[in-house]
Structures are given as C-alpha cells and as structure tokens.
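Paired with chain B in one complex and with chain C in the other, chain A is shared by the two complexes that follow.
Take a look at the complex of A and B:
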C-alpha cells in the first residue's frame, strides 16, 4: 500500500518535473530514462533468469539502425518504424540468443560479448546502410515530441511502459519459471520446464526492450553512431543492472539514474569525476552488494522500526 | 501393459561402463528398491530414465512408448518425476512456492489444499512460508520428495531418499511414502543404501552390479541370495 503510494507520487513528480527543472536536468533525466529501458530488458535476463549478457547494447543498436534506415531511407512513419525496429531487435535476440544459449555461465558471457563486437563491427563498417563510423544523421523525433519537455514526457512514458512490462512478466507464470531457472535449471527441467525455450524467449524479450530503447536514444540524439553501441556501453548496462539491484523491479531505474546522472553532475570536478565515480562503485559493491534497491529497502525497514 | 521397460542400456564414461546391458520390466504399480555397491550404475540408470543422460545404446519405454533421447521436461510431462541424490529444491522459493512450482511447470493449476496437506503429513507446515534455504538438509529432502508427489507421477524415481535424513525424519519419510502409495498406487523406484529402510518399504528389490541387473526378488530372497552377498562382499 505505502509502496504503491510512493511509486505513484514519484511518477507524478517525474511528470511535473519540466515545470521546475532546468533544460540541463531534463536532458539528464531523458538520458536516464533511455538507459533504463535496455537495462530493464537486461534485468529480466540477468537479474531474474541469471543470464549475464555482455553484448546487450548491440541489440539496442540493431533497433536503432533498423529504425534509422526505415525512417530516413524508406520513409516509414515514426511509430511504425519504432514497432518494426523493436520486433527486429527481438527477432535478432531470438536467433542470436538461441546460439549463445548453447553455452553456459562464463562461456555464455564470452559468446554474447563476441556477438556484441560483431554487431558493432557491422554498424561501424557497413557504410552503405549504416553510414559507418561517422554515424547515421537526420533521425527525426516523432511529431509533437520535438521540444525537450515533450520528448522528456515521451521518454518517461516509454520507460514506465518498460517497467510495467517487467512487472507483468515477473508476476506471471513465465516470470516464476525464469526465476526458477536462475535458482536451479536442472531441477526446473526435471519439473517439466523447457529451459532452452524459456531462456530464448527472455533473451528475445530483453533484446526487444533494448531495441526500443535504442530507437528512442538515437531519435533523441538525432544521430545513430556506432559509439553508442560499443562493448563499453554493454558493460555499463550490466553495471547499471547490478548496481541498481539485479532482480529487483526498481533496480534499473536507480542504476540508470546513478550511471547517467552522477557522471554528468560530477563534471564540475573535471578530471576527478571518474575517480569519484569509481570510488562510489567500489563502496556500493562493498556495502550494498545486492544493489541500491535492496539498500533503500533495508533503510526503509529500519526507519519504520 | 508394461509401465516401464528398460532394454540393454549401455553407457560408458571413458573406459568405465556405468551401464552394461541393463534390462528389466516394471509391469505395474509397486514400490521397487534398487540396491547395489557404489558404482553399480544406479544413478546413471535413473538419469537415463529421466532423460538427464542419453545412453550409448539400449531403449527405454514408458507405457509402451519409446522415450530414449527425450529431454527431461518432455519426460516430466509424460509422468516421470524424480528426486536428486544431492537433493534439489529452489532455495529462494518458500516451501509452498516450491510445491506450487511442481504443478505450474507442468502447465497445471497449483493445488493449494493438496500442497498444505502434504506439508502437514511430513511436519513442515510451520515452514510453509519460509524460504527452502532456511530448512535443514533432512527437511529439504522431505520437501523435495513431497514436490515429486505433487507432479502426480506415473513413474517416480527417488535417488537415495534416506541419505542425510536423521532417524526421526526417516520414520516420517517411510510413513509418508507408504501413505502416498496407498492413496495413488503407481510405480515408485527407490535407490537406497539404507538396507533396513528399503527392505521395510519395497515389495521387490532389484540388485544392480557392474551396470546390469544381478538379481531380482522380494527382500527375503535378496538377503539370502549368495550372488548378492558375493557382489557386496567380493
């Protein structure tokens, strides 16, 4: 009950934020929302199912470039392009996932990393379609959402939708099976679960979410550049999920705020900002290994007592 | 019809034959005990029947249907349930959630009343809402076995159900298995090293030795068999 009220209050405050927030803060909040969407996808894979993918953001790239190509070269409408790109990223996730999922634990991580690098290579070098390293310019924002304040509301709504999807999945039979697979895959199989099928399904779903986030990101930046979909970005996504709280509903939001917001605000400290940020990560890992969401939960419990 | 038919199973690990021409038929409901010295192939046999291991050759049939090479989840849906030698439960799920999962994974509705009744029978009702990780090893073993019954199996495979279970819980376990059999007779196969426990429970004992069936008969006949004594002592 109280948790529901707090969530509602936070959401209301976020929608009202443009009334008081500076354009700079809004810019940071937009980026946080757009980083949170792929992170939700990865949270379903990593946090709930135990699949640590090191190539997650490459699927955001598949979504982004598919939409860019459709919107700019084929002149498909914005929303149709967004839908097709999301499906394309999900389909690519199903195909690539079914290959990666033949491997387990750290082998799985390495294969996802390799696919991430391969996809990056394609984005970086397929000049005819992706415009190569220079980036794919001229990606529009949807009609009516061009000003920063309206795009912020779009990004926020999209992020909330992603969290709603996550909430629905986690409460469903599908979600219970994912969590069982993370705990003991052999036991789940002996109970009647087709593990390969469910893991492929969550890989596809996670990739589709990444793809949708990727489309919105390049539409916000107005350009799709390979630099947005590097290995470093994939590792950032893993950190966002783990630091935020893997396997918790709010984790990706907290992680994205920390990862996008904090480095931006530490810019005043110039060259020290990465040092401070790194130190903070170490402290979080030491004192809140289950992530910020669990830390907040613990603090709230202590407060109530 | 033969409920479970095992024909000429062979399984090699490197130079060692875990199963070497293992054949037997289980014709109808009953509690069957599998005994044999370490390395006789008991767990490998269960792994093959449950689909966790594929044999090099041989055949397994459930109700006349050849199932060799089927994945574990398909076999579970054909009515094969199993417990593991090392005891497996979902540690983060509560006892009740563990039991519900046994129905849910088969696409069936969780049976709240039945789950609570069975938990009560093994004396775990006080832990119904506790995570399985908070249970003792013996309690976890009971929970795992209760879970297999919620699958309403045609063929139930219990791999050393008594291992790591203290004498008090062992009595609970014996009474529980007998009650489950009385309520829904089907094929129960138990691997055991605890002779007292299995001789009191099983109507028929199958002795495995070097990957094949050495002897089969009622507990008295097995205990008197010179070949069995030879295999254990030799």
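Take a look at the complex of A and C:
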C-alpha cells in the first residue's frame, strides 16, 4: 500500500517537475528516461531470465535507423514510424535472438557481442541508407512535443509505459516462466516449458523496447549517429541494469538516473566519471550483487524496525 | 592477383599473430579459472601505453621496453586476479560484469593520464623494409610473426614438459582433483593470469609502432581474439592459435573482394557460421560450464 502511494507521489512529482526544474535538469531527466527504456528491456532479459546480452543497444540502433529512414526518406508519420521501428527491432531481436540462443553462458555473451558489432558496422558503413559515420540528420520530434518541457513529458510517459510493460510481464505467467528458466532451465523444461520459445520471446520483447527507446533518443538528439549504438553503449546498458538492480522492477530507473545524473552532478571530467562508474560496478558485483534497488529496500526495512 | 593475395596473406598472418597473442592469454585464463575476461583488450592497450612510456621516457630501447611492459602487466594481472576475480570465483555472470567494469575503469584511467589522442611509437623496425619476393614489408611485420611463433612454441613446451605447465593443465582439467594431489591451484590461477596479461601486453607493445597507441586499440584485437578462441574451440590452446590465424588471414584476404569497411564483420560472420555447424569450434573437445 505505502509502496503504491510512494510510486504515485514520485510519478506525480516527475510530471510536475517542468514547473520548477531548470532546462538543464530537464535535459538530464529526459536522457535518464531514454536510457531507462532499453534498460527495462535488458532487465527482462538479464535480470529476470538471466540472459546477459552484450549487444543490446544495437537493437536500439535498428529501431532508430528504421524510424529515421521511414520519417525522413519515406515521409511516414511520426507515430506510425515509431510503431514500425519498434516492431522491426523486435523482429530483428526474434531472428538474431533465435541464433544467439542456440549458445549458452559465455558463448551466448560472445555471440551477442559479435552481432552487436556487426550491426554497428552496418550502421557505420551503409552510407546510402544510414548516412554512415556522419550520422542521419533531420530526425523530427513529434508534433506538439518539440519544446523541451513537452518532450520531457513524452519521454517520461514512454519510460513509464516501459515500466508498466515490465510490471505486466513480471506479474504474468510468462514472467514466472522466465524466472523459472533463470533458476533452473532443465527443471522448467522437464515441466513442459518450451525454453527456446520463451527465451526468444523475451529477447524479441527486450529488443523491441530497446528499439522504441532508440527512436525517442534520436528524435531527442535530432540525429541518429552510429556513435550512439556502440559496444560501449551496450556495456553501459548492462551497467545500468546491474547497478540499479537486475531483476527488480525499479532497478533500471535507479540505474539510469544514477548513470546519467550522478556524473552531471559530480561535474568532473568525463573520463574520471567513467572511472568512478566502473569502480562502482566492480564494487557492486563484489559486495552488493543484487544492486542498488535491493540495497535501498534492505535499508528501508532496517529503518522500519 | 597472386602478388596481391600473397601480400594480404602476409598481412593477415601479422594481424592474426596479434590475435593469437590475445587469444592465448584469454584461453589460458579461461582454461584454468573459467573466467572470460572481457577486460583483456584494455590490458592489451595498457601494454601499448606502458611500452611507449618505457621506450620514450625511460630506456630508449624498444626490446627492453617490451619486456618491462610485459612484466608490469603481469603484476597488474595478478592484482586484478586477487582483488576482483578470485572473490567472484564460481559466479560466471558477476565475473563478466566485473570485467566490463574494469574496462571502464582502465580505459578511462588511461584517457585521464595520457589524454584521448593517439601517441606515436616510432621504432627502427617500422622504418626498415624487408623484401619478400617483389613485396616489401616493414621489419615490424616479420618481427611480430616470428616473435609470436617463438612465444607459441615456448608456450607449448612449457605446458607440455615443465612441471608447472603440467600443474596448469591438471588444474584446467579438474580443479578439485588437482587440489587433492597437492597442486597449489591458487598459485596456478595467479600464474595463468600473470602469463595471460603479459601476453596481452606483448601484443599491445608489438602493434603500437604500426598502428599508433590509443585508448581503443585493444577493442578489435580482443573481440577478434575471442572469435579465434570460439573458432578454435573454447579452452583449446592449439585451437586458439589456429583460430586467431584463420581470423587474421580471412579478414585480410576478404579485402580483396569486399569493401574494407566490412572487414571487421567478416571475422564475426565466420565465427557465427562455424559455431552453428560445429558448436564446439574446430578443436573443442569439451565445453566446460556449458549448461
């Protein structure tokens, strides 16, 4: 009950934020929302199902470039392009996922990494469609959402929608099966679960979420550049999920907020902030492998006692 | 055409040798500790930077700088093994994630210390040319191939005939059985990490003079080395050597037919294709921790 109230209060405060927040703070919040969306997708894969994908952000790239091509070259409307791009990323996730999922543990990670790099190479080099390394300019924001305050509300709503999807999945039978697969795949299969099917489905769903996040990111930046979809970005996504708390509902939000917000707050040179983040990641895996969400939960419990 | 092919094969053997050095180190660490260290590429890069530092600031002798940077990296490897990977022993996922964290820490530490721009590492061996038939190559190419061949031979000898090499193989085959017969497995872990990172340093120090020293210089060799390992069969030392060379030659030769932009994808395409047909790679006999 209290948790529901707190969540509602936080959401309301976030919607009212533009009334008091500076444009700079809003910018940071928009980016946090846009980083959180692919992270939700990865959380379903990594946190709930135990699939560590090292190429996740490449699927955000598929969404982003599909939408860019549709909006700018084919002149499709914004929302239709967003929907098609999300489906395209999900479809690519289903196809590539079904290949990657033939491998396990380390092999799975390496193959996802390889696909991520191959997709990056296509974005970086297919000049006719993606405009190559220079990036794809002129990506619009949807009508009525061009100013920062309204784009912020859009990004926030999209992020909340992603979290709602995550919540729905986790509550459902589908979500229970995913967790079962993480805990003991053989046992789940013995119980009659089609493991390959469910894992492919969550890979596709995660990729679709990444794709939608990618579209919003490039329409916020107004340009789709390969640099937004590198291996480093895929690693950052893993970092966000782990630091926030893999397999917790609020984890991706905490992780994204921390990843985007804290460095801005610290105001140190870019390379030092990443050093700090890397150290934080190592320390969290060593001492609090369940992530910040669980850590906060434990602290709250101790307070109440 | 034959000329061009020969040129690309030799180029491929050179880059392949670098991949072999990376792959050997990773396969050693993987075989013994079952750790997949994604930070191996940034350690390779640190090897390049330290070689640059020792060469330009301290010694002025390239071979000496090479050896010093290998020694320094061996120490760093031991430190990382003890502080990060040993406490996470047995937790595959967290080891990988910690290694991703290490990438961020090390790469950005290097950027903070040396700046983001590429450094030149000019040695005599890059200026001098060697003629092979009608083709000319920098001395450094030949040196890389020869040195890698020596390292590989030494490694095989060490693993096969030395007592410690035998202990290392035993640990990799069955850790608890190795403990039972009195092999100090933790010392074996440390040694394999030290050896692996020293090999990475050698790779970085060897390519530095050819392609400059820069913060991302280890990224491609790391993933190509991984591709080589998977191609050859995870955990197989001869597999890592042959896999690395195949990747190097294949991507070099592919530039004769395909735009160079897609050269990097060739390695991965080959890897995925072969793995789909032969999931254990070309030489993989066993796959540990697969399930």
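The criterion applied here is as follows: the second predicted complex is superposed on the first by the 285 of 305 C-alpha atoms of A that agree within 3 Å, B and C clash if a C-alpha of one lies under 4 Å from a C-alpha of the other, contacts with A are read in each partner's own complex, and residues count from 1 in each chain.
Heads up, the rule we're going with is that a residue touches a chain if its C-beta (ideal position, glycine included) is under 8 Å from a C-beta of that chain, and two chains touch if they have at least 3 such contacts.
If you're wondering where the values come from, they're calculated on a predicted model, not measured in any experiment.
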With the two complexes superposed on chain A, say which partner A:104 touches: chain B (first), chain C (second), both, or neither.
second
Should A:239 be classified as contacting the first partner (chain B), the second (chain C), both, or neither?
second
Which of chain B and chain C A:173 touches, first, second, both or neither
first
For A:74, decide between first (touching chain B), second (touching chain C), both and neither.
neither
Is A:143 touching the first partner chain B, the second partner chain C, both, or neither of them?
neither
Looking at the overlay, does A:5 come into contact with chain B only (first), chain C only (second), both, or neither?
neither
Which partner chains sit in contact with A:186 here, chain B, chain C, both or neither? Use first/second/both/neither.
both
Mind working out whether A:277 is in touch with chain B, chain C, both or neither, as first, second, both or neither?
second
By the touch definition at the top of the document, which applies to A:118: first (chain B), second (chain C), both, or neither?
second
Which partner, chain B or chain C, touches the larger number of chain A residues?
C
Can you give me the overlap between the chain B contact set and the chain C contact set on chain A?
186
Would you pull the chain C residues touching chain A in the complex into a rising list?
30, 36, 38, 84, 87-88, 91-94, 96-98, 100-109, 111-112, 116, 219, 223, 226-227, 230, 234, 259, 261-262, 264-265, 268-269, 271-272, 275-276, 279, 289-291
Help me check something: in the complex, which residues belonging to chain A touch chain B?
173, 176-177, 179-180, 183-184, 186-195
Where on chain A does chain C make contact in their complex?
50, 52, 54, 99, 102-107, 109-111, 113-115, 117-118, 121-122, 124-125, 185-186, 231, 235, 238-239, 242, 269-272, 274-275, 277-282, 285-286, 289
In their shared complex, at which residues does chain B touch chain A?
50, 52, 71-73, 76-77, 81-82, 84, 88-93, 101-102, 104-107, 147, 151
